[in-house]
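Scrolling down, you'll hit the structures one after another.
Presented sequentially are two complexes of subunit A, the first with subunit B as partner and the second with subunit C.
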Partner chain A sequence: MFTAQNLLSVGVAALLTAGLYAVMSYGLAIIYGVMKVINLSNAGFLMLGAFMTLVYFQAWHLDPLAGAFVNLPVFFVAGWLVYRGLVRRVMTSLPLASLLMLFALWLVLQNLALAIWGADDQSIITAYTYKALSVFGFRIPVTRLLVFGVALLVLGILHYVLGHTYVGKALRATVQDPQASLLVGIDTDRISAVAFGLGTAFAGFAGSLLTLLFSFTPDFGGAFQLKSFTIIVLGGLENFAGVTVGAAILAFVESFAVLFMKASLQNVIAYALLVIVLIVMPGGVAQLWSRNRS
Partner chain B sequence: MRRWLRTGGAVLATTALLLVLVTAGQPAAMPEIKIGTVLPLTGAFGSSGTYFKQGYGMAIDDVNKAGGLDVGGQKYHVTLTVLDDGSDGTRSRSLVEKLVTDQHVNFLLGGYDTSLVEAQEVVPDQYKIPYVEGGGAASEIFKRNYKYVFGTLATIYNLGTITMDYLAYQIGQNKLPKPITIAIVWENTDHGKDYIDAILDQQKAHPDLFKVVLNQSFQLNGSDFSPLLQQVKASNATVFLSDAHLPDFITMHRQYLQAGLYHQVVSYGARGPDQRGRQALGTGADYLIAGLWWTPALKDPASQLFAERYQREFHAIPDWFQALAYDTARVLLQAVRDAKTLAGPVVRDTLAHMVFHGSLLPGGVIRFGPDGQVRAPYVMVQTTPGNTVRIIWPKKMPETRDGVVPMPHVQ
Partner chain C sequence: MRPLRPASLAAPVLGILLALVPLVAGRNITLLNLGFFTFLYVAQGLAWNILGGYAGYVSFGYAAFFGLGAYTTALLWLAGWPPVLTYPVAGLVAAAFSLVVGGPTLRLVGPYFSIATIGVGEAMRILMLNLDRITGGASGLNLPTTVPSKTWFYYAALVFAALAFGVAAWVRGSRFGLGLAALRMDQEAAESLGVRTAVFKNLAHVTSAVLVGACGGLYATYLQYVHPDTVFSFTESISLVLIALIGGLGTLWGPILGAGVFYAVQDYLQTSYPTFHLLAYGVLLIFILLFEPKGLAGLVGRAWRRTRGGAPPPRAAAGAGVEMAGPGRPGAGGPA
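What follows is the complex of A and B.
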């Protein structure tokens, strides 16, 4: 039933999905890496990112792609404020305290969105929403291509910032060893605020990109959050490059597995993968790399 | 001490006398009938739940504005208590129980969708409280031998059957090839199972007309259907059928169009003409075919009156959700009126035997079968440009027009 072209077509679709998955998960990985906090409010900011894009679109006819870039600074500031006002206060408590607080924040954001925009499905239709390009005989939806391109661009910028700027290096140092970072004069509190801001900015950014592909409601984001968890576990939790690989693994496994089993098991595949990785390879792909190096 | 008692008694007596004098000129307060419902006002089915709340409210307003519900010569004011289950089955069931035990409701109106109605339907029989619902259509709801559960939505199995009848008609008209190849995807719920059963039964009965080349289930409230749609593409079918709820329909059809798919007939079961769907998909929702329990395209006076009134009150075009909710509440109120008592078992028996005329459903009559589910026909509609809908089947209706088959490329 499946020709080589069909399989290649699924592969292309999986690759494009991987870009979106990566951008969705980076924020979670940065925050966990620096602060060892699982940001359960990530889904809330993802959803809020989508609704803000709708606001820009309705008020100023701003394209969702442009809206995504507007969201970056807006959500960075929001994340910074959340860190300063809430997260920092529970950082010294048990990990459960931050987990519960961020979960509560997600619920607050959800209910806020519900009060403002209601429970209806919202969606943004642009001139290119239903357009597709024919490349070497494959039909590629323009929206997926754009999302992939923009995701790659932003991830490229992030990698540059992490590798070549003082803030980036300080951030990586804090991920590797917070105590040693303090000893060499890095303001880890400020770096934590930057990390939370950056993580939130990525969530808002990804939320904007998702509006090109999906309709959304205040409940939007939960399913993507679970996928992001799987991806960062696959990637090795604190390894930024691993996130990209984790996103690709999940996207390819999901896409190809559905060809050979029931589509209703799509989520089961993702979570089975999570369980297997946690048992067999708790350090994710990063563990494999370090093994190879040693 | 005795003097204090005497003074206190005199004060109380004077107060009581004054109260009697003040209230003597007013009519006695109307007794109350409490109706409760648990709806998904938030969560995945938030939009549909809100529509049901509007429909229920309209029916109850009618009765109260007419001076209350006459039950055995006594007029009652009707109140509606609405609780939100957030589209969660477990919460839905416990909230229905709460309505009965804490709020002491006399009667229950049902929730939306099949999965939530299935969660709720355990309660009515336990407390012998009649429960009428218009949000769950799967036949499984009515196979559990509950005596107090009644449904105004015709079964999904019939939706599948009428869809195949229409396709057979189009094959007969040489508008579709013979046999047609069908790719079908269905939500993995009792709703979806009814639909696929009907399609497969029809294929079995007419192997010369239908050939199912893809049969896949998917999870309710999915976020990404791209891999599934790749399979649909690979199947090279002529017709694409999907049984999906509103949120999944919007997501799936958006991804269908983005993937550049095309079939000569596309149907998402009962979805397509929904206002939320049309707003979310724009022109992408044009020319879809759907089987519906009610549509504003019905030209009978009751339907037109309802559609006009709804537009006046809510500034929107009604879908079947609001109309069915309106009828569901009216059926319950009529049964209470006919029973001439608020006793649950008597109202239940009245519902079981009642023939409700003046319904909005095609045919205008609601009559429940022995299992509690309504016996009513569907109409097939096609969405047309400009947010319009036309009835395309059954052929015998005066409103029926020819459907556009094969559907044009809308992109």
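What follows is the complex of A and C.
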């Protein structure tokens, strides 16, 4: 069972999963970073992203990958509107009010989807869904490779935007210190709207990618959402680079744990990690190396 | 002894009126069923509100207590115990679990606690689904078929609701409740004034867990069947959150109004549009958060004051709503 071949193939699978995990968690991290709001509606937008992809596919035979890019602007606008209409109005009260507001939004999205599309499993089958490539003797499904490639591409673009454009720099400044950002003339309210749009766009995008790998229902999203929380908590909450680290850790732990335990218990790992890391290591993995440095 | 106000008579009068219902409409099974579920959720909403409303720790994981209670009753009943004797045990098992979980998680600041409880609740559901030797796994457990009448269940649930109301009312007026309100508004300030916040939070958690666990037990006897996916479901957890929030977070009468509306709406919509009730609650919750953070109880209070001709609003009591919750701390760092 524990041959080098086996371990290596699990490692490759984990790496591919990590790319997907990173994409679906970045939105959450951006919104949390800028507003310190935990976006419970992320799951709703993830699910909606999947269903929109289905709609594009059925109406125009649009490939899910193309659908993912169509989703970006659509969900950006949706996120912007949600921020303007709902989140901003409760930002001044307790952090809990925004959490509950986004929880209510999730409930609305989920049940709206249930009313429109019903509770049946939906799936999108493309020409390449069941194809696999042989790379160095491993058979890897094409869909997984595609998702990983697109995830890397989008994360690269995000990295560039955050590092080299005005909006990106302003966004990171707001994450670090909202008050100081206001002082140097950054419109933090606007940046918050951008962040919410961006975060929602990422959720819609990730939802499209998920349709390549899984079937989906309106309830879909909740499990991924909790994994995303685990990832950003592992990554240290306000640390964008940490998201990638957190995604990799979760993907590897999950993939290798399956060698030791029942596969149906796999999700428990993420939930247990979430609780343990929140309590023991609130700074996430980043805490470890910063502690060593100081 | 505080002076008796008309409002403090409302609860006993309502209780007696509800107790008379089976005598008048004892043959109406639908009505008795509706009563049973409403009371069961009134009791749980009131219990949830002790931690979620009074102390401000919103938990999305109460299904764990409900499920543990249901399974405790189920297993003891199968072992030959009479169901009624199992309810206290069900409550105790849930309480023990709440101590184990609450000890570490209640150290987290508000929103992080909420997220952690989602994790705990879902982890419990999956674990129970996989412990099929004990829980029956995905096929559930069939329980004995000899059960009391619907009228008995109606009264049992009414007693549970009355008990929960008594506990909630007592907590609200006691030093304990004042301590919870203080730590909700500002934990550090409360600590500096000598409130033992860790003890109080855990005590609130345990108190509500006992009640919810016992309710789980009653539910198991009523259905004569338990399944991990129903008693540990996330929907069960969020039902309690919705009942308390829609009724009025941190108010005494909120969960009663909330559960009443919850079941009336569900009952009305379930036959024709089975999925619409959660949609309706979601929309309702958004409106409540935007316009009336104290929920239906706040609305009723406002209407009551208006009909009495602009009497001054009553003094803020121990468990006020969200907007009373003191200075928001924007950007209040990571988890404590």
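The rule we apply is simple: the second predicted complex is superposed on the first by the 291 of 294 C-alpha atoms of A that agree within 3 Å, B and C clash if a C-alpha of one lies under 4 Å from a C-alpha of the other, contacts with A are read in each partner's own complex, and residues count from 1 in each chain.
Everything that follows uses one rule, which is that a residue touches a chain if its C-beta (ideal position, glycine included) is under 8 Å from a C-beta of that chain, and two chains touch if they have at least 3 such contacts.
Quantities reported herein were computed from a predicted structural model and do not represent experimental measurements.
For the composite obtained by superposing both complexes on subunit A, the positions of subunit B and subunit C are in clash.
After overlaying the two complexes on the shared chain, residue contacts for A:V275 are found with subunit C alone; subunit B is out of touch. Of the two partner chains placed by superposition, subunit B and subunit C are both touched by A:K262.
In the superposed pair of complexes, A:L114 makes contact with subunit B and with subunit C alike.
Contacts of A:L99 after superposition on the shared chain: subunit C is touched, whereas subunit B is not.
In the superposed pair of complexes, A:M91 makes contact with subunit C only, with no contact to subunit B. By the touch criterion defined above, A:P178 lies against subunit C but remains apart from subunit B after alignment on the C-alpha atoms of chain A. In the superposed model, A:G204 makes contact with neither subunit B nor subunit C.
Comparing which residues of subunit A touch subunit B with which touch subunit C, the overlap comprises 114, 119, 223, 262, 264-265, 267. The touching residues of subunit A, counted against subunit B in their complex, run 1-3, 6, 9-10, 13-14, 17, 114, 118-123, 125, 129-132, 139, 141, 143-144, 213-215, 217-219, 223-224, 254-256, 258-259, 262-267. The residues of subunit B lying in touch with subunit A in their complex are 41-44, 46-47, 49-50, 87, 185, 188, 216-219, 221-228, 230-231, 233-235, 246-247, 250-251, 254-255, 257-260, 276, 279-282, 284, 411. Contact residues of subunit A toward subunit C in the complex are 36, 38, 86, 89-97, 99-101, 103-108, 110-112, 114-115, 119, 178, 222-223, 226, 229-230, 237-238, 262, 264-265, 267-268, 270-272, 274-275, 278-279, 282-283.
The touching residues of subunit C, when paired with subunit A in their complex, are 56, 58, 104-105, 107-108, 110-112, 114-116, 118-120, 122-123, 126-127, 129-130, 234, 238, 241, 245, 273, 275-276, 278-279, 281-283, 285-286, 289-290, 293, 322-323, 325, 328-332, 334-336.
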